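Notes for the one structure printed next.
When the chains are written out, they are named A, B, C, D, E and F in that same order, and each has its own residue count from 1.
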Amino acid sequence: MNLLEGFKSLWNSTGIANFVLAPDPNITSVAEQFMHQYGQMIMILVCLFLLWLGIKKQFEPLLLVPIAFGGLLSNIPVCDMAGPHGFLGIIYEAGIHKGLFPLIIFMGVGAMTDFGPLIANPKTALLGGAAQFGIFGALLMALCLFGFTLPQSGAIGIIGGADGPTSIFVTSKLAPELLGAIAVAAYSYMALVPVIQPPIMKMLTTVEERKIQMTQLREVSKREKIVFPIVVLLLCVVLLPDACPLVGALTFGNLCKECGVVERLSDTMQNALINIVTIFLGLSVGSKLSAEQFLTVQTLFILFLGIMAFSLATAGGVIMAKIMNMFSKDKINPLIGSAGVSAVPMAARVSNKVGLEYNSQNYLLMHAMGPNVAGVIGSAVAAGVLLALCK
Amino acid sequence: MNLLEGFKSLWNSTGIANFVLAPDPNITSVAEQFMHQYGQMIMILVCLFLLWLGIKKQFEPLLLVPIAFGGLLSNIPVCDMAGPHGFLGIIYEAGIHKGLFPLIIFMGVGAMTDFGPLIANPKTALLGGAAQFGIFGALLMALCLFGFTLPQSGAIGIIGGADGPTSIFVTSKLAPELLGAIAVAAYSYMALVPVIQPPIMKMLTTVEERKIQMTQLREVSKREKIVFPIVVLLLCVVLLPDACPLVGALTFGNLCKECGVVERLSDTMQNALINIVTIFLGLSVGSKLSAEQFLTVQTLFILFLGIMAFSLATAGGVIMAKIMNMFSKDKINPLIGSAGVSAVPMAARVSNKVGLEYNSQNYLLMHAMGPNVAGVIGSAVAAGVLLALCK
Amino acid sequence: MNLLEGFKSLWNSTGIANFVLAPDPNITSVAEQFMHQYGQMIMILVCLFLLWLGIKKQFEPLLLVPIAFGGLLSNIPVCDMAGPHGFLGIIYEAGIHKGLFPLIIFMGVGAMTDFGPLIANPKTALLGGAAQFGIFGALLMALCLFGFTLPQSGAIGIIGGADGPTSIFVTSKLAPELLGAIAVAAYSYMALVPVIQPPIMKMLTTVEERKIQMTQLREVSKREKIVFPIVVLLLCVVLLPDACPLVGALTFGNLCKECGVVERLSDTMQNALINIVTIFLGLSVGSKLSAEQFLTVQTLFILFLGIMAFSLATAGGVIMAKIMNMFSKDKINPLIGSAGVSAVPMAARVSNKVGLEYNSQNYLLMHAMGPNVAGVIGSAVAAGVLLALCK
Amino acid sequence: MNELLRGLCETFTSNIADALNLMIIGMGTVLIFLCVMICVMLLMSKSVMILNKYFPEAVPEAAQKTVKKLTDDADVAVAVLSAILKK
Amino acid sequence: MNELLRGLCETFTSNIADALNLMIIGMGTVLIFLCVMICVMLLMSKSVMILNKYFPEAVPEAAQKTVKKLTDDADVAVAVLSAILKK
Amino acid sequence: MNELLRGLCETFTSNIADALNLMIIGMGTVLIFLCVMICVMLLMSKSVMILNKYFPEAVPEAAQKTVKKLTDDADVAVAVLSAILKK
């Protein structure tokens, strides 16, 4: 090895020498050529922006910080960390491609979720169902207006489910090439729920409706809480086996929490296990933030469709509450309808906050938790439909 | 996609349409045809029963709840969760087929076990050895009376070791097709030790024997506890290398516990790590609860042989204590012989409880812990013999 | 199966019958024949000695106990635990060969490291740079005097980085056959830092220099601590992408620690995750302690080169401090130069202790932490150079 | 050109139809699922209430644990207190 | 028929023999293993006792830790106490 | 023999050259990296200080948490204390 050669070979492996790729003579479009040459550099700036969103703006930092950092790492030139032999590529293959990570996280979500408010007032489940309208509305727009394929449209629609692991699970099966954009959109909009929802909620309700007070929820016995996850799983078995991986993981976690005899396992699912998997899920989702897949006009479309999905979901929940009020004398405050989008517990808190603006004694939080957790089940069911029909 | 077609394809994927499989014209036997058609449905009921045993009857819930839930999930039609691309199938392949999970759990067991009582009174180890008679007795019956093959008989016999990870490790090597039934039998009977053992213990002992008081155990120094796992491993290296994966994992955990300089690792083995692996071990063992493997007359035989194995093991331990009393003036209370079956610490508690019935001042717990932990080593050694000779 | 045959086949599988292998007629050298026949037995003794070092002498027990135990297990005859289907072999393949374990541990190291003292006094980073001289000095000796190949020399040199995960990562890429010896040397010498460094530090400094007092460090704001890991990663991206897996993992952990919004993840990296990975890393590094790879004269060379690497690194740091004092009026106590070898926080403590010997009011600990953590970055950069040029 | 337009138009129509069908099927499935769930839950609650009347639940362990932990902390405080008062 | 019966009989006999052999070998191995273990343990205990006489064990760290933790909690209680008394 | 010696000599010379080159390149890279890092850090510290002047940092959460935890423990102590005083 010669000193000059050595320095030169090292220089050739530096980022300075590799950031700007040589122009590819096969690419004729100027914009594409620019993307080809400067893509990684731009993606690093995008990832730094996402990091800033996560840390400074606290947009779901538990996910966005690892995702953004994973994106940063995977856009480093020379060392192909997102490739098949790279750190992130290996984790992606083992955890996301095979679907393990989202399911394990969903177990943890189950072990952290209290379905009590839903059991106490079952009919609020319909609000969580109506909010899935956002999924199918966005799917329609993606398919008809923006020219996405059917599987891609399904993956984009699922953003409206406002549920991270569900989105990642479905996208990794239907359209893995969009995983980066969809995950970023899903987690960002979940963090933006307090900004997106209130105007829609106010637009669709009258001041009187917003002041409706609801009767206090009855107490739920331990036995009901134990039986509930089993019942949901069995229903899912009977009606929609395709949703069973997601619903199964959720109900397993919840059963472990509620049955009271396996506290060790339930604690682990809620802490060590979900944390470990979150770190690797985030990093490996970030590995899909490559320039050629993220720096496209499709990503802009996905960001737009994502906000449409959230808005339609919010509207769906609120309108369903108004419809239910027409047929029932036990009035529901339609503000809790918006909580049906899931985004647990953010959306329920938004319902509570907007409610308090109009009646400072009207605490809607527990009432909103019903549709909120029903929304998680609803999204999982909708995911099952998409997995069955969009492949 | 046509609306009717879509609904039809969704209907065809529902559990209702798939639970009852179409009759297979190649199957002529009515019973087999019935099993073929309704097997999954029956297995779901069986798994619900196992869940009930785990939750309500607290039969080793840490294992039985995940096993039963895994069985539930793997019997859901359409979504083949126990298949090679399903969630449970992937975990099974990576963790059980390759033997990692049982060994990791055995590390945790080692890190939780105190061999002090055995070191204080080494000769009680013979009781833990004699109790392995259950393994070979059940093996003989399985091979000669019930027509199992030699590897299958070995796997069935190991139920008599009363040790979950050992049973799963051996069965996954010798007869993976029986894993579901053997794991269920092993964990159920471990939970039933307080029911199975006392009659046998009383039958084989006189009232005078049951009242024998034993001298208090001497204190064991830290150095002895550190040297003990190394000595056991070296013995195993010299005498029976085939038992070394199991004995190695056990002694590694124990050494980490006793050496006092790696508390971080020992704590992790006893908590986060063993809990995480237990969740996945349970779920993936459950994935072997398929109808065609579990709903057979063999399963009934295994359940019968399992209880025989436990009974013979109990008898073996008690009789060995009586034999030892013939040759020694330092009398052993034969009630602690039954603790040799391992099932730590349940069997030792049973010895204590039965002892107290006959002499309310006679606390046998610590004395019974000696054979109890020796039984773990004994079973691992017996497992080594089976792995060496039954393949 | 015949009783005699059975006993014989069991006997043939015992360690007694297999410890001493039959002489290989193809081996002519007496020494090699002896090694071939008695190698495993000797390695077990070596591993017991390493265990004793870890437990009794507390030489980095968190690593040395699992490494030694892994070595013990992998030298057991008959059951090929370090082979491709053995417990340790599988873990090695998945975790070390693919590079995951060292990177995950480096994340944890990042989450445990406070770069504050370095940010407060950036110029001390040069000390951490100069200490990397040990790496290249040892590399030169290995290549020119001991006849190692270039990749092997690079792996041996990295011992001078005094950084476990970095050493294992580099060695597993450049010279996996030396992994056992290099890991043992690296961790042993890290534990021996309080013995190795003081004489060299005293030899190279005058009493007056050792009494130099340094001004107290300014406080570092939270923002600086958050920006620091990002800056280091970006620099690494620009200057040396080959070091990015290591630097990326380190800075990810550190960012999670400092950003304050993902405490769950940071806690997990510092505890459950790093502990779990440490257990498996140690055991699987131990699986490379096979007789034919460890019981060679090369291992002696590596042990010698390792101590040379540490000594040269210490000298490099101290001399750099003296050089810097020539050009700056803000004098640095050269005793903190030795902390540049990393071995966090042992080397910094040594600086502090030696400093106190000569001026009982001169607390150098925080000043020494600057070069100490800079040494970690410096070693990672040097590792990047080796990975780029030694392949 | 006419051909192309007609082709586009047809694709659009078929896409709209697909999407609307999916929407109807999907929302239908979700709402049917949840309706059935509501019915089953009401049934379940009724049966559990009857069950609870005849076989009352045992006092949950968790509550006892919290109490115990509190007591432990309290024990420390009491110990310290008495130590101080003795001084 | 006779052939079949004889075949079955032979299989049974061979199985019995196999199983009995396995039992003898297995129980033998287990008991030999544990006997050797007992002997080694007795030896070990003796040697460790002699060792302990000449090189007594250091006080284990764990104990100190517990004490420290207790003290920490106690510190809190003391702090609160003094704060209250000052008010 | 002469050939062999010359060969060895050449290998040795080439190895020395390689190793020295590597040392220069390696130490050069490490020191350049750290020098650039030092410069960037000084710059960064300056900019952050300016930033901190105009946009002061929020009080970190962690501190509040510790306080809260202390208060919790303290609450226990206070509760015990008042309970004792009432007795």
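Just so it is clear, a residue touches a chain if its C-beta (ideal position, glycine included) is under 8 Å from a C-beta of that chain, and two chains touch if they have at least 3 such contacts.
The shown structure was predicted, so the numbers you read here are calculated from the model rather than taken from an experiment.
Chain centres were defined as the mean of their Cα atoms; on that basis the chain farthest from chain D turns out to be C.
Interface comparison, A-D versus C-E: the pair with the greater number of contacting C-beta pairs is A-D. Chain centres computed from CA atoms place B at the largest separation from chain F. Work out the mean CA point of chain E and of chain F, and you get 43 Å between them. Inter-chain spacing, taken between the CA centroids of chain B and chain D, is 34 Å.
Distance between chain centres (mean CA atoms), chain A to chain E: 47 Å. With touch defined as above, residues shared between interfaces to two or more other chains in chain D number as follows: 18, 22, 25, 29, 73, 77, 81. With touch defined as above, residues shared between interfaces to two or more other chains in chain A number as follows: 1, 6, 10, 239-240, 272, 385, 389. Those residues of chain E that touch chain B in the complex are listed here as 12, 15-16, 18-20, 22-23, 25-27, 29-38, 40-42, 44-45, 48-49, 51-52, 57, 60-62. The touching residues of chain F, when paired with chain A in their complex, are 17-18, 21-22, 24-25, 28-29. If you check the complex, the residues on chain A that touch chain C are 1, 6, 9-10, 13-16, 18-19, 44, 48, 51, 54-55, 58, 61-62, 65-66, 69, 72-73, 76-79, 81, 85-87, 90-91, 271-272, 275-276, 278-279, 283. On the side of chain B, the complex with chain C involves touching residues 98-100, 103, 107, 226, 230, 233-234, 237-242, 244-245, 248-249, 252, 255-256, 259, 261-262, 264-265, 267-269, 272-273, 385, 388-389.
Residues 119, 122-123, 125-126, 128-130, 132-133, 135-137, 139-140, 143-144, 150, 153, 221-224, 227-228, 231-232, 235-236, 239-240, 260, 263, 374, 377-378, 381-382, 384-386, 389-390 of chain B are the ones that touch chain E when the two sit in their complex.
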